[in-house]
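Everything on this sheet refers to the single structure shown next.
A, B, C and D are the chain letters, set down in written order, and residue numbers restart from 1 in every chain.
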Amino acid sequence: MSIDVKRTVEELRAATQILVGEGILDGFGHVSTRHPEQPDRYFMLLRNVDGPAAEARVLELDADSNPIGPGDVRPSIERFIHGEIYRQRPDVLAVVHTHAPPLIPFGVCNVALRPLYHMCGFLEDGASVFDIRKEHGTTNMLVTSYELGQSLAASLGRRAMVLMRGHGATVVGTSLKEAVFRSVYATLNAQLQTVAMQLGQPTFLNTGEAKLADELHHAVLDRPWEYWVKKHG
Amino acid sequence: MSIDVKRTVEELRAATQILVGEGILDGFGHVSTRHPEQPDRYFMLLRNVDGPAAEARVLELDADSNPIGPGDVRPSIERFIHGEIYRQRPDVLAVVHTHAPPLIPFGVCNVALRPLYHMCGFLEDGASVFDIRKEHGTTNMLVTSYELGQSLAASLGRRAMVLMRGHGATVVGTSLKEAVFRSVYATLNAQLQTVAMQLGQPTFLNTGEAKLADELHHAVLDRPWEYWVKKHG
Amino acid sequence: MSIDVKRTVEELRAATQILVGEGILDGFGHVSTRHPEQPDRYFMLLRNVDGPAAEARVLELDADSNPIGPGDVRPSIERFIHGEIYRQRPDVLAVVHTHAPPLIPFGVCNVALRPLYHMCGFLEDGASVFDIRKEHGTTNMLVTSYELGQSLAASLGRRAMVLMRGHGATVVGTSLKEAVFRSVYATLNAQLQTVAMQLGQPTFLNTGEAKLADELHHAVLDRPWEYWVKKHG
Amino acid sequence: MSIDVKRTVEELRAATQILVGEGILDGFGHVSTRHPEQPDRYFMLLRNVDGPAAEARVLELDADSNPIGPGDVRPSIERFIHGEIYRQRPDVLAVVHTHAPPLIPFGVCNVALRPLYHMCGFLEDGASVFDIRKEHGTTNMLVTSYELGQSLAASLGRRAMVLMRGHGATVVGTSLKEAVFRSVYATLNAQLQTVAMQLGQPTFLNTGEAKLADELHHAVLDRPWEYWVKKHG
């Protein structure tokens, strides 16, 4: 294992701890990151809470989301979320699939999730809503095939985030730090927007504010990351 | 004590820890499981938080909810919830009686709890509402007799869950893992539905989605269980 | 110090730990209990979080809320809440004065706090609302004199609880265990009623249900107490 | 380092721990305090969660928010919030800049944050709302220059608090203890007001009550501080 890969896997473990600690992942949901040296591969953990032999639980998957190496592991049946987004979005280096509760209502109601918090400029293009029923009829709601993964990736488009009706959301970033940041703060924006809409008509960030705020926060991603590592690590 | 019984009792302890940790049980409420070898008996713990001599606190009850063995224990006065459901529902192997706060409003208001979260396909048949006053007049609200237990079990019918007006809910499963899973996620569905109904008209799972999602999750119950055991164990 | 007094003071410490742990007390608010041998005296702690020399921080007060013993302690300026209730309500053996957030909205809005949760039969007589401004004009909102304490006690009347507008609430019991139980569950009832009123028209306990449920829970106060002691002790 | 400076820096560390523990600061946001001996200088910490070598992370800034001493530190790009308030408000000895979630909706909706909780008499003059867009057009939402800092300080005026649209709030005090107290309880007031406005028309403190309650609490700031230090320290 090269130094780059080792560092990437360590960051993936830290990302998982942060996302569990911040309530973005529980027993379900997962975070992945693109292989730093073989961009048609990616890494996931087998579980969100690991035991002592944690090192053994990293999974490497190929471009078609098949696990590399000995065949006795059972990768997530929803790994196609990750694989198909990596295929369609070369700019994406990390993917978080979450069931975070505050996001769910925005996936099932006809209300757009929009940025009212300065951390969430990345929401300016909006979060698309992937209603699996529209294109694929009645399913078990999960993204368990190439076809469903491609459909989800198409719904995501060039955006930072796609809400999944009755299920959760998928958030992407150009780094694990960015994907974690976006997951945590999109969830907070959802909470705040819910409250604000009870109080009155919220003022959202305008397009320029969103763009500039996103650029700013993209440059300081180490700050919250270090905070979360110390809090949950 | 056979290996099967020992394993069952250990799982019952783990279930209690999880349910306390996830806010489904506090000092009140209880979880039980059918005896693995004598299906007309079931096990409960005497308390939800145990001391060091934890092993002593398991209670075995017969088909009429009478404690087996030396007569110096005081079983829950609401054990008839469990006993009468086990009698009427041979398919049920575990019962959770909870006072989880997010469920209470759905028991006292004329709003049906329905599945909008893909974890909650088991709610497709709806949660019936047991209003003890309707059939039994003014009571102390608790299910403290065979008659009341039978009445609650009848209200539950073939469903996964019955809400109890002004009191809580009772959730069943074909295993402890399933009953725990359903208790945690039904409570989350209640929270999400409350928020979603403030935002607009939520889209619920349709019948096919609910059925398929429930089948899927039934097959992966180990995953959240292992997560919760590591988190709260 | 007699065995009875010692036991009472230990119970007072446990009550404080429980109330802090359950979010009923923070740096402000206080719990007291009547002296078990001299019913015209009562005990309070000087602080809600104690250091190692905890034993030194118990305060004994006389019928006029004057501290007994060496004069270098500074008792709470709101001790008249306790003293005047003990004077007017010989049946009361414990008093909790709380700022618990979920109770505040019911003190400032014209909406009655009523029992919809079976734990809260003691709310059947309703929680009166003490608006200090009505009788006493503009004050600093605190109950800092005999006169204000008497006025609060009059507003409480024979009830279990009085809400204090813009300030908090005071809850009484015939034991520390009962006063703690009522504080925790009245706060939960407030949370539940707030949610239920958003969903629709809640069904409350009727008079008979409230009375019977209160009698039942009065008889099983050890159960939640032991749970909370293990959780927060 | 004089004894006064040492004590000030220790208090600043404690304030940070309290504000993190109470959810007022996370990886972002910051608290500062005026230099006790050179009133045209102030102290900030470089991070809200420190490692073992914590002592090294204190930053001293001059009247123009330039860091004193060796030039290899990167002070917060929002330090102008602090510097310009200290310049315009000689009475202010401590400043908290927070992103506390419950405050955000009041910055983006046309609803005044007003005191309904007796801890919050300091809100009697209201919290002004600084909408950076009104005077400065499209920005990245942050206060990253002298000009923006001066504008924020002007919006604050003589008040205790200014809400920042889509961003957070800034709270001032005549001591660290007061600024911490106000930050925590203003956040709670926002939560309570949100709930109360759903229930009905809340009664707020009147002007006299607010003034008297604020004077009272100003005199007892040690009490909650000691509580929080024990809880989070």
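Methods note: a residue touches a chain if its C-beta (ideal position, glycine included) is under 8 Å from a C-beta of that chain, and two chains touch if they have at least 3 such contacts.
This one's a predicted model, so the numbers in the text were calculated from it and none came from an experiment.
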item	value
Same or different residue numbers at the chain C/chain D copy interface, by half rule	different
Turn needed to bring chain B onto chain D - CA fit, degrees, nearest 5	180
Centre-to-centre distance between chain C and chain A (centres being mean Cα positions), rounded to whole Å	46
Geometric centre distance via CA averages, chain C-chain B, whole Å	33
Overlap residues in chain C, where contacts from two or more other chains coincide	198
Overall pattern in which the protein chains touch one another (line/ring/star/complete/other)	ring
Chains grouped in pairs wherever the two touch, ordered by label	A-B, A-D, B-C, C-D
Of chain D, residues touching chain C in the complex	115-119, 188, 191-192, 195-196, 198-206, 208-209, 212-213, 215-216, 223-228, 230-231
Chain A-touching residues of chain D, taken from the complex the two chains share	26-28, 47-49, 51, 99, 101-102, 104-106, 108-111, 131, 133, 138-142, 165-167, 194, 197-198
